[in-house]
Amino acid sequence: MAESSKAAAAGPDFGKAAKDALLSGIIAFALFGPLVGLRTAQNMNNELVVLNELGKALLITAIVVAGRFLLSAFVFPAIASRGKKSKAILTPEEVAAASARTRNVSRGALLFLLVYPFLMVLIFGVQGSIKWVDNFGIQILIYVMLGWGLNIVIGLAGLLDLGYVAFYAVGAYSYALLAINFDLSFWILLPLSGILAAFWGMILGFPVLRLRGDYLAIVTLAFGEIIRLVLINWKDFSGGSAGISSIPKVTLFGIKFDASPEGFAKMFDLPMSSAYYKIFLYYLILALALLTAYVTLRLRRLPIGRAWEALREDEVACRSLGINTTNTKLTAFAIGAMFAGFAGSFFAARQGFVSPESFVFMESAVIVAIVVLGGMGSMVGVAIAAVVMIGGTELLRELSFLKVVFGNDFNPDQFRMLIFGLAMVATMIVRPRGFVSARQPTAVLFERKAISGDLVKEGHG
Amino acid sequence: MSTQNRWENDPILEVQHLTMRFGGLVAVNDLTFRAGRGDVTALIGPNGAGKTTVFNCITGFYKPTTGMLQLKHRAGGEWLLERMPDFKIAQKARVARTFQNIRLFSGMTVLENLLVAQHNPLMIASGMTFLGVLGIGGYRAKEKEAIERAKYWLDKTRLMERADDPAGDLPYGAQRRLEIARAMCTEPELLCLDEPAAGLNPRESAELNQLLLGIRETEGTSLLLIEHDMSVVMEISDHVVVLEYGTKISDGTPAEVKSDPKVIAAYLGVDDEEVETVEHQLDVLTGEAN
Amino acid sequence: MEIFVQQLINGITLGSIYGLIAIGYTMVFGIIGMVNFSHGDVFMVSAFFALIFFLVLTQWLGVSSVIVALIIVMVISMILTGLLSWAIERIAYRPLRGSFRLAPLISAIGMSIVLSNFIQVAQGPRNKPTPPMVRDVYTLWDANGYAVTLSLKQIIIIAVTIILLAAFWYLVQKTPLGRAQRACEQDRKMAGLLGINVDRTISLTFVMGAALAAVAGTLFLMYYGVVHFADGFAPGIMAFTAAVLGGIGSLPGAVLGGLLIGLIETLWGQYVSADYKNVAAFSILVVVLIFMPQGILGRPEVEKV
């Protein structure tokens, strides 16, 4: 304590900060100088030439120098002295307060989600609400659902699955192909897609689940890529990279959302707008996501859910207690895959079009990132992560007004994934255990106490 | 050796010609011994004698190179352990174990640890999960029963107050007790304890002895233990098997083993410190016996 | 037969590039047990460094000898890519060392997204074709109208790979740095207690891996004559497959794995189906991991109870 207060009294060490800043500046210029300052582009004769844009590189370098100076002089000492005062480990009271807070937050959030489309209609009008319901509401909820599904595999069972998007693809293609070829309704195909995805989960899971650690991650990644490559190359089956278009839409008890006399708008005597369909889809994905959450919460309190968590904690001990770890892992894998299948068939119905482009590895990475950033095993955390990461990057699309500042070449969309990646790295450094790391026990004798994330293991798979 | 011993007449476990090789290393070499029903059998020997390897063979974590491991239940069932996968040994043959370096589910509460141990019966009660998710079937009642059983063992191991704390937060001695409670929740016929007294202070160690003897008394569970602490071995075991370099060098009652020159030589052959402690402990015990 | 030999040559060339990248994966995994997911993108950035400096040398500074230009470009790219990798390790991985196991992996995936999108923003989303740098092609023999050829590019790639691997092998086996690395691989804490600067050793491992990736990047640019911001992913995954196939943690294994993957890819493309050649490589990865998880030259992992 005495030392830290002395350091604080002495004020920031500007000399050291300046040295750090200078060094960072040199490195930044060495890297950004060529990559930003020497831009390669094709000229009129289609020859590649180098354009001198060193001004930009100098600007970035200056930002790095200034940032590094501020960090060294003020931010790091502040973090260091705060770190001395309060250790990262929370007291039981703090953990309990945090869990009570999450409970209230989740109740409020649920209420908000239920009225969200109407709020949007009220604020932006029927037509104006489409963007907010579709691009934000539906898009985020799809990722919330995928995150919750994958949370079963990674967060509860501790199996690192980097090929989750494959099951999403299975669901999407199941719906697309069966709806087009056999003219079956969405409501039949939704469960069927889930079952097919779960079935694939079992087939792929069976050989790989005896692998441990990063090997499991890599094999699941490979399987994900294999499925995508097969979808690209097996053109007779899947339409290849062109994908499948004009996939039937979802109907509400047989009511279609189109301009026909039996359509939703005519039936209720409303002006024709695609907003109603979007709002309907919003509630559909909300229901599916809540189903995922409900089933997960139930499963956690059943022996299978406890076995998953025990598996994450210590596989050898599980086996010594008579738990068939292969079957237990397989169920986690299959149930996780099933929810991806549901989400996939919803995705296909919503887009009306599927192609292998939608199921690239990056999608898996984004879903894994949501689960880990949220805090493994925490449903609320995963939902928050999905809102922040997906909603945040969707918001970046709205930054077109910055063109006024940066000129017409500025395309905020390009920066979307760049910022997404930076956010991933930054969150991991600041909160390696994710937003919500405390674990809620599944059975209580006297008093419910949340378990600090420092004790919870992350699994070997 | 007399034929009056329980391990000769009514063995729960018969180990015959057990050999375990790892590449060129022979960890256990043609080991044959019996563990009596209701006995506390101790497996002792210097470091690296292959005791834990024997345990791992019995509980199925290693597949023996050759040999037979036969387990007979009170009710009459018979199992050949070397042919069963590890989880089946725990589930069907009812062999439970603890680990040398404690393996608890540290991020789960004490109570949850004990419920995980009752996975298999609870799994059936939940209709293999399908009925449980829908909330039908008698799962709730069964879970209550499971919690009652957990409470019984919490009481026996003096962990009741810590029931809702994460297992990783418990002090060392309590973690050892919890591991035993967890193993007992599987209702085993044979309980294998890998150095249960390691790292315990004398008071805790004495309590452990009472706990283990109590388990044998009230549950009728047979105990097989690896132990370095001679006071524990001599005080609670009925039968001692001594290993050195993977081979059995002595087998009998604690008194017989204690005076076996081969055993003394084996321990003299190890480093001086260990011999001194062993000799000292033996002296103390002989002194007490006199 | 002629076609087979031709594909063999092509496969070894491709395999050399994979092998050079694979070493970066295998060394980092060996020393800190982390799958350095951004390594493929580091490779891609190195190819961009090479491209930019090649253009600067030939267009601005008027260097006329392609070989001289290539050598200078390779050295610059090695230095800058090493620096890049050092900076990435320092910013994104070191703060996470010893924390939660998944955190560095997620951070690495994030870094991979950052690198490819940064290049997209900074250098544009289009393919970057260069004029052919080395054109000479030698016909080895001509049979039934099919000429088996070996291009100077291929000779350069194979020769550079062999020379660098030899130098690298010496560095790892015979120098104090290599010894420190192997010590850190065995037991980082103990190595630290014995006075090895663990942080610096790990940093240097990243730098060395990146420098070899930069060699691969330069050779890649020379061989294909084009580079794109998304070019990090596929070669990255293939090289990782190579590292696993050879036995992750083993340096000769990485090279062997690289050659095998290169051969499988070209031979499969020739004889079975060009469309499914990546499927073949991934399938082999899966089969190897399931049935031989330690790889060809790796040490088997014993489960401790």
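In order of appearance the chains are A, B and C, and numbering begins at 1 in each one.
The definition used in the following text is that a contact is a pair of C-beta atoms (placed from the backbone, for glycine too) under 8 Å apart; a residue touches a chain by one contact, two chains touch by 3 or more.
Note that the structure is a prediction, hence the values are computed from the model and not measured.
Put simply, the chain closest to the centre of the protein, by Cα centroids, is A.
Chain centres were defined as the mean of their Cα atoms; on that basis the chain farthest from subunit C turns out to be B. In this assembly, the C-alpha centroid of subunit A lies 29 Å from the C-alpha centroid of subunit C. Taking each chain's centre as the mean of its C-alpha atoms, subunit A lies 45 Å from subunit B.
The mean-CA centres of subunit B and subunit C are about 50 angstrom from one another, to the nearest whole unit. Multi-chain contact residues, meaning those touching two or more other chains, occur in subunit A at positions 316. Contact with two or more other chains is made by residues 303, 305 of subunit C.
Of all residues in subunit B, those that touch two or more other chains are 61, 99.
By the touch criterion stated above, subunit B contacts subunit A in their complex at residues 59-61, 86-91, 96-97, 99, 103-109, 111-112, 115-120, 122-123, 125-126, 129, 132-133, 135, 139, 143, 147, 151, 163-166, 168-169, 182-183, 186. The touching residues of subunit A, when paired with subunit C in their complex, are 27, 30-31, 34-36, 38-42, 47-50, 154, 160, 207-208, 210-212, 214-215, 217-219, 221-223, 225-226, 229-230, 232-233, 316, 361-362, 365, 368-369, 372-373, 376, 414-415, 417-418, 420-425, 428-429, 432-433, 458.
On subunit A, the positions that touch subunit B within their shared complex are 295, 298-299, 302-304, 306-307, 309-310, 312-314, 316-325, 331, 439, 441-449, 451-452, 455-457. Taken together, the subunit C residues at the contact with subunit A in this complex read 29, 33, 35, 45, 48-49, 51-53, 55-56, 59-60, 80, 83-84, 87, 91-92, 95-96, 99-107, 109-115, 117-126, 128-131, 233, 237, 240-241, 244, 275-276, 278-279, 282-283, 285-286, 289-290, 293, 301, 303, 305.
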